[in-house]
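One chain, chain A, links the two complexes that follow: it is found with chain B in the first and with chain C in the second.
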Partner chain A sequence: MKIDRREVLVVGAGAAALASLPLTAMAQDGAAEKTADELIAEFTGGAEVAEGDGVTLTAPEIAENGNTVPISVEAEGASEILVLAPGNPTPPVATFKFGELAGAHMASTRIRLAETQDVVAVAKLADGSFVRTSSNVKVTIGGCGG
Partner chain B sequence: MISRREMLQLGLASSAALAGLGFGNLPRAFAQQALTQDQLLQFDDFGNLTLIHITDSHAHLKPVFFREPDTNIGVGEAKGRVPHVVGEAFQKMYGIQPGSPDAYAMTWPDFADLARTYGRMGGFDRIATVVKAIRAARPNSLLLDGGDTWHGSYTSLQTRGEDMVRVMNLLGSQAMTAHWEFTFGTERVQELIEMMDQPLLGANIFDVEWDEPAFEPSKIFETNGLRVGVVGQAFPYLPIANPSWMFPEYSFGIREERMQQVVDDLRAEGVDLVVCLSHNGFDVDHKMAGRVKGIDVILSGHTHDAVPEPVLVGETIIIASGSHGKFVSRVDLDVQGGKMMGFRHKLIPIFSDVIEPDAEMAGLIDEIRAPYEADLAEVIGKSEGLLYRRGNFNGSWDDLICDAMLSERDAEIALSPGVRWGASVLPGDITREDIHSVTSMTYGECYRTEMSGEMLKTVMEDVADNIFNEDPYYQQGGDMVRVGGLGYTIDPYAEIGNRISNMMLLKENAPIDPARNYVIAGWASVNEGTEGPQIWDVVEDYIRKQGTVATAPNNSITVTGD
Partner chain C sequence: MADNVKPRVRVPKTASKDEVIQIKTLISHPMESGQRKDKDGNVIPRSIINRFHVTFNGTDVLDVAMDPAISTNPYFEFEAKVPESGEFVFTWYDDDGSVYEDKHSVEVS
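On to the complex of A and B.
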């Protein structure tokens, strides 16, 4: 098996357990795409979601290339982090699961963004509570920097 | 710890030196007699460290005329705050007499008249004199270059940046950061770095493939018993505002968390002072100063603002040093026990008729220019009015460039980039050097294409959002795209999609039809493989045919809202 460097990086970051990409599964269902709110409700089982503290989402303010936008998520002690791009035709991006032995509860990857939007991350913390954060990423057609 | 009030007073005391002179509109000889090099350099030494900042010269080796903006709209929190104060309001804010040398140097009113009185500003031989004088008084000074140094002139394009590397080496620059430097392409940047006596610092320059740091983020200078950490911050939006295919290996971005980490690392190293040598642009630096902890001084570049006093954000001071070699900032600091206790600052105006050229630097500049002197000096035509660019919307230079494209490329609409560089030309001769000052670049092809009315609106909305976004982190620091053959109304304070209205095709006096295609000429496309003649040739051909160019005041752009 060939492990490329990006995978190794994710492993190194402690996100080895599972980086599931629900994209294909969703497409196969042929059902209508679920909204971001529905996906979050599914992830939390309807539990309340707090804003802010406890989860960090790092993304560029303006994407250099909307086809490959580097993002990273981190949440101390989290067992899972859900990442959504609500402005994409298929909003689910990834769910990262962290095992009990994970050294750091952090993962980074690159995502494709169809348009300017708020990328959303929801983390399930060690105590079972949920926190969410979002980051606005602008997909621009270019300017003229003076 | 020194109080904020005391810090401000220290700043004001020296800034006031020139403002009080009040020459009014005296004849040139008299005005110059009244101004002396000693006055310009006068500075009561303070503290134990001196920083010298120069930025955004855009490779203008010789003195220039450069008219500061008449329109520089601030949105959100930046509204009404420097640098978004211009003209008479700026004069009032800083107690500058109309018609005084400071008014000429930092504001636009009566520019052409005052230019005849006070003469050109800048020139690296004069800058060398100023730097040497500061170093004589303060041997432990640090000279830091904020970037946009290698690009912007006929000679820098011909030598592909090498002229400026030689000049900055001779000047004794100790570190730089970058923006337009990268438009020479990765390979050339690496070649020039080999020739440099100083590091190119960029905490926010990353490798695209692995998203890992690609340049040295910082350097610690040991001077006068102090350890000074200097962090470089390159222009964050290079791959978006400039052609990323020229430097595909690199990714940029603001990367605030990275800046915090580099500052924290320097603090952990036990430095006495942290200086950020930035090419973020003023509003971005202002926001960053309030969010990243532990930066003492931000030397701010990119947006070309000449600000006569430091701007305080918390315990961070922001110094902005203008452009085109017009100014050098001297910042004296008192640093004790790892803390900045106070500062004294002066934005030194480089009046080229007052400051004696440094012979050594003048010699190097002459040598660099010698092979091109005849080409540079050739008079292409005459201008009836003042030609200038700087400002949020079309300047008269932009109108002339757009007229040239409409005529030479037989287009209905012309688009010209809203860059902030390019020297002004007084009524009279236009030389080839003047044309290159406002057009020089490595991707100057003047394209001709068709674009739908709808697409045109989208492009203008997008560019407007890059300037007038309420959040500075989403601003790219250029001005609005310049247009020819097109009229429009803009509300800078609106949201994206709603700023631009009343788009009109001027030659038909008809509204732009979203569904119709229009013939567009433009230049500085970020797309690889753009074809067309170089813009400076287009402009030169047009001016030559006209003989004397007369640009009427541009009344086709209306700004609304507040």
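On to the complex of A and C.
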């Protein structure tokens, strides 16, 4: 079989298109699969995170249905609170930013948990320092479909 | 666009000056996480509300960045201070570009 210039060009273009596909797909996966630690580092800008005092995370000890787990975060004077579920396929849950007219700096919502895990909350306090806390939630039925 | 998206908000109608009031919001939305698969094993694409923003007379109260781990029919409960009579504006931003808005006035006596 004779391969002329035209055919070589067509085959080459196809191969190039194929090669570029997996690359972009991988890049997107990478963005979605940041670990909890990376997300915390991004949130704090690398600043040190103290344990405990200043931020409260209220979550049930046992959640029968991982599809809707009520949680509540509170941190007095905090400007932002980041909530993470490191055991989920995608760890970020929500970031709460409190404005000037926020009352107590608290918020409640309902979240999905895929499995039993420690839910993490990191708060940025008024003085710019960061504190974190975590709460273990036992999940009977995971909430991510599957 | 997700069907039948309906915001429901509970705000007291009256308050005293600088009172901290409790607000509850719920919006009906499937919050498709992008993790689930249909019968044939195809991933159902993500379709969620990714931001919830509350202002009072134009001043920020709460701004939430939401990820797929927020449950179906996202519910939020929080507190706000009312310095004067005015209007709360609640805005939800959908992945598909839709914006849902609800407004509630509070009378300060």
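Definition applied: the second predicted complex is superposed on the first by the 109 of 146 C-alpha atoms of A that agree within 3 Å, B and C clash if a C-alpha of one lies under 4 Å from a C-alpha of the other, contacts with A are read in each partner's own complex, and residues count from 1 in each chain.
The criterion applied here is as follows: a residue touches a chain if its C-beta (ideal position, glycine included) is under 8 Å from a C-beta of that chain, and two chains touch if they have at least 3 such contacts.
These numbers come from a predicted model, not from an experiment.
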Of chain B and chain C, the chain that contacts the larger number of chain A residues: C
Which superposed partner A:Ile141 touches (first chain B, second chain C, both, neither): first
Which of chain B and chain C A:Val93 touches, first, second, both or neither: second
First, second, both or neither for A:Ser108, with chain B first and chain C second: both
Which of chain B and chain C A:Ala85 touches, first, second, both or neither: second
Touching partner for A:Pro60 - first (chain B), second (chain C), both, neither: first
First, second, both or neither for A:Gly45, with chain B first and chain C second: neither
Where chain A meets both chain C and chain B, residue numbers: 108, 143-146
Complex contact set, residues of chain A against chain C: 67-69, 72, 85, 88-104, 106-113, 143-146
Footprint of chain A on chain C - complex, ascending: 20-22, 33, 35-37, 54-56, 59-72, 74-83
Touching residues on chain B, where the partner in the complex is chain A: 179, 210-211, 235, 237-242, 244, 251-255, 257, 302-304, 417-421, 458-459, 462-463, 465-467, 471, 473-474, 476-479, 481, 524, 526
Residue ranges of chain A in contact with chain B within the complex: 5, 9, 58, 60-62, 64-65, 70, 108, 136, 138, 140-146
